[in-house]
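For reference, the structure I am asking about is given below.
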């Protein structure tokens, strides 16, 4: 029983991180229909910015955090400006290739600039604390990430459904041209979307690095892929779905290893297997709208 | 159109620049993963090569030029890279590469082209097997694996152990296999044999399971970054057993990342300054390394440092850059004094050398024991 | 004698919404039947159920006495029902000729390997399909555009091409969804003639949806009026024109006499 | 109010507009009629800046707006109801209307305009919270018009508002166009339904293969033989 | 131009290619030959991916998985017995692979066949998905195949991989199969079945309404594509002489995808050009990071700079050629002659250009 509860806690903890990254992923997809393969790399940038802020510039933690999130948001906007905007009228697949290109670029530039050797990410003592309930141990980061995920989810839902910018985002996601006719500033709105998505990735990257305290230029690859799976699982483009998808995925991975340890080598395959099975029954993900073409 | 012309001109310059070569140098090729998932290995390797080159810049009266090619941590590129070194850069000999998976396709190419190669850190037995031009400075996994198993069972007296293996890494799988075999032969029991894959960073499920067993030790033959995370998460989840791993753990970064959780980690490696096998070269290496890079040396760098020097001494001994002469000189290496210890090459092309057991105590690696082959 | 198509009181619900409610229709060989009704009355849904894009929630559709409910659209096309779409669905980047030739694909007998290896059987068949398509294009006066991209044709010709493509499948029943939409009166008039002719020449039965009353009244022998998913009237053009309920729901007072 | 001078447009290799000239005086209804593919929609889209012109000039309120972005044109009161309605199907009816008023900030005025739209289209008011995609074709057209009105257009461009509508609705929509015009909005209308369009238009242009072939007052054109033959049906 | 003339020209070109291969095999060094071989294998993979993606319009990201199946099947069937005994350290290889040793061509075709069978099994359920969802599902299957390969050492030798694969691959094999792949896929595209595939790409609803069975055609296209991917994998294995599951990560699929898109989606010619460009560019960029001296200015050595430059070049290429280098254009003899004509008589072409 203890083991089960411990695994649940582990799942919740991993799931909350997946969820946070998946939200950013899904947001960009929702607006631009672009699978932003570079999202994992943006996530990596967030962690590195904080690292340099704290270690090199000796900034206090809270300030580094803010600076890192802002810098990452700017980095996200820049990738959009230079790699995606010129392709706005191009076939969708070309933008995807561009995204892959950005991802390659950031990975390799990361290796050149930050070096390929992992860096240790020292966390403030508060995050070293483990809460112990009987035999169950839960890290303080778990609570932090769940709370932060929820806060950001609320914030995002507010922006998207309660503000004018959100209205513009939703309009752009269905029909860019008509949105222009409504005097929506398309480029600016997309920039904002990227900024928010990247800021979320930065927060995800920082929390991730707090929990798994090493950072390296390719650290975003697997979390990025998992977050992508989570986003699709929940119905890509759906913010709430991404959250649910993240938790399901985290939980599923942990429970597989927890209950069938002999299958632990299949953990990554299991994530995809769940995704495929769900898609076969719900082709648009769990919360995805069935956007069947009207005939 | 102008853009295109500019493009071709630049292209031409690059091609030209690679053709223009200085005359009186001896070229030695290095193929290492400078990008991709193993970039870390490439970087650590280069530290050793560079340091050695600085101290030993000439051979046979000529300057040594290292031609470094990136293999992108990718098998296909590894073969391309070596092929380029052999056919395009006309190197005399080759050094590399970090992991066995990358070294093997490269070694195939080099061996076929009859260009001698010295491998620094790839510990899989298949690297040199059946290839007369390939030699290695490090010991091999069967030895290391069984050495660790013996140490666990005999020296530490632990009869039940758990394993956590990276199924996507040949290094990890190979080492685990030999450890498992020897440990069982000795009478030990593997109570939990779990897996993960390169790129995984969450090991909480595995460590929860392992913690629930009565394993007295956890053997994790992975790369130091992953292991640092496993060690951290294991302690956080209450695992109290001994951590054990292979030569990849001998890296100051492990201590940095895992911090207090690395305390008590036991690993086999090639050398330690306090080990009886340490040579006078060891201390020189350590001092110079710290001076040059401002950090503690690691096992990878010391091996590439030795691999470079081993190769240079072979060329010196051969008295020429003839491939067969170098090959023969390498094959007949006996008691070569390297920074990491004394190397003698056996008839399989592998180094016969002891393994050193080290342990983390108070945030530092301390010498524990030496295991003779 | 069984009728060509029998739609037996089918109902379609989307969630709680009943799009089509107990729609009944029997079409006999050689008829031209019209289906009219306000926007959103469920006309296209009826089409989609006949052609297999939707499966009726209740009851069944019979074609030549055979139950075709729940079959996939391509199977239904093979049985002999062809259709056009309200918003033209051509294969825009392919040539006009290819569009028609793809229409003949469902009748192909040679297998894949025969096609890749260009065995004599396939070559002969390909030649026949090609000739048939050329003849069809000639008939609909599109031959001169055979090698142009279908998407680059003017709108009216695109409509025609879509009909030609449907004819290439050798249908017994042709469903036309608003063929005159976006056409001016002159074009519509030509279309009426065109439909009449192809009906004769190809021996197809026609079932069409149309808003252009002139077209419907001109061409149809029998008209059904759908409103809120329910059939509110059925009869000859004259009867429909004077049906008060139809006027109220659909035609409007003065336009009824236009 | 709007002056189009020698406008040329190329689509890929096709010369879609071959130098057209026309003007739209204030507070009038002007219509462009013509066969499919004559270039009517292209003209409208070029005026809105959705299509790039290859030559010529467009003057709006005596300003050369030829190189303005779509958004700037819309901000200045040049608003289009696009062909095929192009409402946002995933947004509610209310949100669609809000988007129409996107450029405006005066909540009070927006509110009063909303009420005006509700008056014009009582059916929209009943469906405010419904997703626009679930509306019928006619209701969607009304929403498209209503949405355009929410941006307080000075010049309203309408691209085939009667396309695909049942006869009863066609009549209704033309009545509404007239009403909007009476409230002071200038209208440039493209229609397939030449009869209805010419009936309400003050002035009309007939387009053929990228050029203007005929022009005149709406009711007069109705009587011209070539118009009757080509566009009204014999 | 008459059909016979075209056929004559094609035959001539093939003979010329043969002579070139003959010449290249004995005159080029192994490095150049290796890159040429690799490019040809990429061309096979790219052209096959183009069938499912460019011509059928189905976003498939599973190519690495099919390559893996082909590579493992081929390798297991050609590795000599003693090598198998030596390399399978963890668990011995299962029967019948442990005893089988077949000729290369048979092994290659069986590799392709296995991949094709797998494609049918995967394709039947998955090809109902659309767009990005199909992409992620196929990517998932490829990753699942890789993870399984890691976990069944009795067949794949796990992460240790297969070693000692005989190096049969040479230009005859790779370019021969490139020609064969192009031949089959071009024929398929130009047949009634090919038109049906393009119909699906253009508009699924319309295609289905005119009797094109979506399931049959999509699965067919997927299967043919997988067959050639399997063969490409087999050739790659024999070129490298060693494989392990890491070689078939999703990055491999991305590389092939890049080749297809850069070449022009739906253009076989473009894919082939891009395959060669991709590999030669990667190699030609190497001097960048080695540091070089141009006499007047010298650049320091910066490891990793090559990949940075490569990804930037990729971005530039895609931004300036949004539809790929060739768009949807194909090489034809007619086109070549027209082109030569235009160069010879520039005036002529100007007049033509306007019309």
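In this document, chain identifiers A, B, C, D and E correspond to the written order of the chains, with residue numbering beginning at 1 in each.
Keep in mind that, in the parts below, a contact is a pair of C-beta atoms (placed from the backbone, for glycine too) under 8 Å apart; a residue touches a chain by one contact, two chains touch by 3 or more.
Here the structure is a predicted model, which is why all the values come from computation and not from measurement.
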| item | value |
| --- | --- |
| Furthest chain, CA centroid comparison against chain A | C |
| Chain whose Cα centroid lies at the greatest distance from that of chain E | D |
| Where chain B and chain C are represented by their mean Cα positions, the distance between them in whole Å | 71 |
| Centroid spacing, where centroids are CA-atom means, of chain C and chain D in whole angstrom | 31 |
| Chain centre separation (chain A, chain D; CA means) in Å | 43 |
| Of all residues in chain A, the ones touching two or more other chains | 107-108, 111, 116, 265, 268, 295 |
| Interface hub residues of chain E, defined as touching at least two other chains | 147, 150-151, 205, 303-304, 307 |
| Junction residues of chain B, two or more chains touched | 34-35, 39, 42-43, 167, 195, 197 |
| Residue numbers on chain C that touch chain E, as the complex places them | 51, 53, 72-75, 77-78, 82-83, 85, 89-94, 98, 101-106, 108, 110, 112, 115-118, 122, 125-126, 129, 165-166, 168-169 |
| Footprint of chain A on chain B - complex, ascending | 34-40, 42-44, 167, 192, 194-197, 199-202, 204-206, 208-209, 212, 224-225, 228-229, 232, 236-238, 253, 256-257, 259 |
| Chain E-facing residues of chain A, complex | 33, 35, 83, 86-87, 89-91, 93-94, 96-98, 100-102, 104-105, 107-109, 111-112, 116, 225, 228-229, 232, 236, 265-266, 268-269, 272-273, 275-276, 279-280, 283-285, 293, 295 |
| Parts of chain E lying in touch with chain B, wherever the complex brings them together | 29-32, 34-35, 38, 86-87, 89-90, 147, 150-151, 153, 158-161, 163-164, 167, 236, 239-247, 282-290, 292-294, 301, 303-304, 306-307 |
| Partner chain D, residues of chain A touching it in the complex | 164, 167-168, 170-171, 173-175, 177-186, 289 |
